[in-house]
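If you scroll down you'll find the structure; I have some questions about it.
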Amino acid sequence: MPEFDSKKVAQIHQHLHSHLPSDSALRVKALETLLVDKRLVDPRTIDAWVEAYSEEIGPKRGARVIARAWSDPDYKRRLMDNAPAAIDELGYLGTATAHLKVVENTDKIHNLVVCTLCSCYPFSILGIAPAWYKAAAYRSRVVRDPRGVLAEFGVSIEDETEVRVWDSTAELRYLVLPRRPPGTGHMNEEELAGLVTRNSMIGTDRELAGDAGSKI
Amino acid sequence: MPEFDSKKVAQIHQHLHSHLPSDSALRVKALETLLVDKRLVDPRTIDAWVEAYSEEIGPKRGARVIARAWSDPDYKRRLMDNAPAAIDELGYLGTATAHLKVVENTDKIHNLVVCTLCSCYPFSILGIAPAWYKAAAYRSRVVRDPRGVLAEFGVSIEDETEVRVWDSTAELRYLVLPRRPPGTGHMNEEELAGLVTRNSMIGTDRELAGDAGSKI
Amino acid sequence: MDGIHDLGGKQGYGPIEVDEAEVPFHHDWEAREWGISRSARVPGINIDWWRHCRELIMPEDYLSRPYFDSWAQTDFATYINVGIISMQEVVSGKALPGQFNINQPPPVLTPQQAIQEDHDNATRFDSEIDTSPVFSIGQQVITSRHGHDCHTRLPQYVRGRCGTVHDYNGAHIFPDLSSLGEETYQHLYTIVFEGSELWPGSEGRNDKIYLDLWESYLVVK
Amino acid sequence: MDGIHDLGGKQGYGPIEVDEAEVPFHHDWEAREWGISRSARVPGINIDWWRHCRELIMPEDYLSRPYFDSWAQTDFATYINVGIISMQEVVSGKALPGQFNINQPPPVLTPQQAIQEDHDNATRFDSEIDTSPVFSIGQQVITSRHGHDCHTRLPQYVRGRCGTVHDYNGAHIFPDLSSLGEETYQHLYTIVFEGSELWPGSEGRNDKIYLDLWESYLVVK
């Protein structure tokens, strides 16, 4: 059990600053080596997690949730009411999504998600967060100047549109439900999922194309 | 004339981050080389300033001011009323001291000086600021936990003593007038000046020894 | 703590890398660290304590080192703190005899089992509590003016500010105490702030900022 | 700007190097930079603009590089900004033909002349102005809740706080506009704050914090 002593940990960080190699790959290698030697983890299990999050768990899951919500009004209702249960209808409940909430874009509202204090992210439906989501520039700026940040992503927002920024300060996580692009009435769920970009589910993308191939 | 455009300067800093050598000595050498080549400065003039601030302009000046204030009640009155004029009686007016103020320690009051926003310092009477004065640790902590900072300097302050922290946010500068050590009634000004430490004039030293040799 | 991690509204961090390639991992070591973080857990190191340990990274390292690198450093720090890894072992780069190790081999998972475990990791952080929530939806509240020296989830940019209760989320584990090893629960609200309440020069911009805040962070207006 | 430079009260910066050797310069390059900063001035670069340019250094560089190194970088940035040095010249490390340079050789000073010039550098920043000061000594005031995007000398840790006017210092050049090239003057006060007004857990500690603040940073309580 830790002693929960901040001063000690701060000192450890100062020592690590001096004693760890400066190259990130070497640092992580050193950590893995020690943990494997001490039987705290098996490298094959690390492999398994890497493969799970490279192949299966990623933004494709979120896109399928969005496509179903677009296609099925009852599902959308369940998703807005109780997102964890609704995503689990597809088997996507998991790490960091037990308190998921879905926030819906409309013509008058645009939603945008951040975690200013660390980098909380709904892993089991969006996979690994993009590097920019975890970087100081995005975390610092998006709550103060969301429209400027959106412009940097190539998204222009009309002045009248309300911008809602969701700062994930607790264990709630947020998924943006983007607007269904016009002219997609004929598409099935799989085709619709192909229109959904990862960024549109974070809120740094807004106008989805109705005719594109898979984006994710 | 600059355009006073923050964004442009921020971009320049990003470019400098990539293009300047990482070693500080090389960076300054590169600056000096360019400025000398462009006739903006003569290296002999740089030498002269370095010598001035290595030999003549330094905390010895401040110590002489303090010693005179201890020895001469009239001088002390003038110093408290109008520090720039009083230090110039000794010829010590100069860079960053035109709006100097002196704050006096007593048995019940301890003064401590900082500049949280940059590192303002009364150069012409104390010389070059110590590295710790300019470092994030001192600047961040001393306004929040002055007694903790003092303890780190080996100075313990009774709970009843009022601690006054002076954050130099404008062009005013502060010089702490420490208490004259007991048992020094027989000393002349020069001997008294030898008792004054640099840190006591910043406020990170409090109890001066009455019998030591030169500290500065 | 008012640490370097509390980035909301801070200025000077430059442009966002919007053209980043859309791949889960940009380097193999990032993937390894992710895998380690998923599988090599240690009893007693809860998420709030781990987050606080990440906040305690030296500010210059926090800003200059890559994200997953800071996870690795936090893992090192928490393992060292509980005595599982020694600083000597960090320096030598290998496990030393006579130090902590476990007799039983660790579990071996297949990718399919990892996906299943991810599903089982849908941890809930809420709980029933005896007291009723003090605030109701639509009510105006003011946030605390102060933080404190330990872990807290009330960012500086919303301290001492007026907001409105947008939603009530049940009682959730209180991170300020959880990070000290104490499991207590408090009512958790979603509070909405007008941008103009938070930022100079943002009047009329039609921006709203939502945060999930615990009851003790709030006072009645 | 709410930049990395605004360090008052921020946490996580570790211990102070109290055992530092008491010498003016710890490295020759520090001395060179000091000498450059004293003698190689450029018209139009006033102290407030220069300070702001230092605040604009990338936060990771601001924290990780030595102090006088940040002066050199600020010099580079301000010289580049006015067109005296080009980025090309930074890369090549030498002055290139066809770029800015001056015909007349620069002045050559002896140490004694430098000491005299230091004396002449006792610049005053105050001026008579037409209006009377709004606040009087002993009066309670509240500081602005907000900063702004440019240079300001109202630190975050005293925003929206209640203090008392301790002293009046005449009208001084207003840095928020001076850093934009506009020379205006405002009444400048010394405001004293109780530690407990600023910091959690500091009740009864008998700490007072004094700051020199311009009139437009303050409102009547």
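Every chain is named by a letter (A, B, C and D) in the order it is written, and numbering of its residues begins at 1.
By our rule, contacts are C-beta pairs under 8 Å (C-beta built on N, C-alpha and C of every residue); 3 or more make two chains touch, one makes a residue touch a chain.
Values in this document were obtained by computation on a predicted structure and should not be read as measured data.
**Q** Which chain's mean C-alpha position is the greatest distance from chain D's?
**A** If we average the C-alpha coordinates per chain, A ends up farthest from chain D.
**Q** When the contacting C-beta pairs are counted for B-C and for A-C, which pair yields the higher total?
**A** When the contacts at B-C and A-C are counted, A-C has more.
**Q** Chain C to chain D: how many Å between their CA centres?
**A** 34
**Q** How many angstrom between the C-alpha centroids of chain D and chain A?
**A** Using C-alpha averages as centres, the distance is 40 Å.
**Q** How far is the middle of chain A from the middle of chain C, if each middle is the mean of its Cα atoms, in Å?
**A** Using C-alpha averages as centres, the distance is 14 Å.
**Q** Quick check on chain B: which residues sit in contact with 2+ other chains?
**A** Within chain B, the residues that touch at least two other chains are 10, 14, 136.
**Q** At least two other chains touched by the same residue of chain D: list those residues.
**A** In chain D, 1, 9-14, 56, 58-59, 63, 149, 199 touch at least two other chains.
**Q** Thinking of each chain as a vertex joined to the chains it touches, would you call that graph a line, ring, star, complete, or other?
**A** If you draw each chain as a dot and join those that touch, the picture is no line, ring, star or complete graph.
**Q** If you go through all the chains, which pairs of them touch?
**A** Pairwise, the chains that meet the contact rule are A-C, A-D, B-C, B-D, C-D.
**Q** In their shared complex, at which residues does chain C touch chain B?
**A** Within the complex, chain C contacts chain B at residues 12, 14, 59.
**Q** Residues of chain B touching chain C in their complex?
**A** Those residues of chain B that touch chain C are 10, 14, 136.
**Q** Show which residues of chain B lie in contact with chain D when the two form their complex.
**A** Those in contact with chain D are residues 1-6, 8-10, 12-17, 19-20, 24-25, 27-35, 37-42, 44-58, 84, 91, 93-95, 97-99, 116-119, 123-124, 127-128, 130-132, 134-141, 143-147, 149, 152-154, 159-172, 198, 204, 216.
**Q** Inside the complex, what are the residues of chain D that reach chain C?
**A** 1-4, 9-14, 55-56, 58-60, 63-64, 145-149, 156, 160, 199-201
**Q** Considering the complex alone, what residue numbers of chain D touch chain B?
**A** 1, 5-11, 13-18, 20, 22, 24-36, 38-40, 42-45, 49, 51-54, 56-58, 61, 63, 65-69, 72-73, 75-82, 84-85, 87, 89-91, 93-95, 99-111, 113-115, 118-119, 121-126, 149-150, 153-155, 157, 169, 172-173, 175, 179-181, 188, 190, 198-199, 202, 205-214
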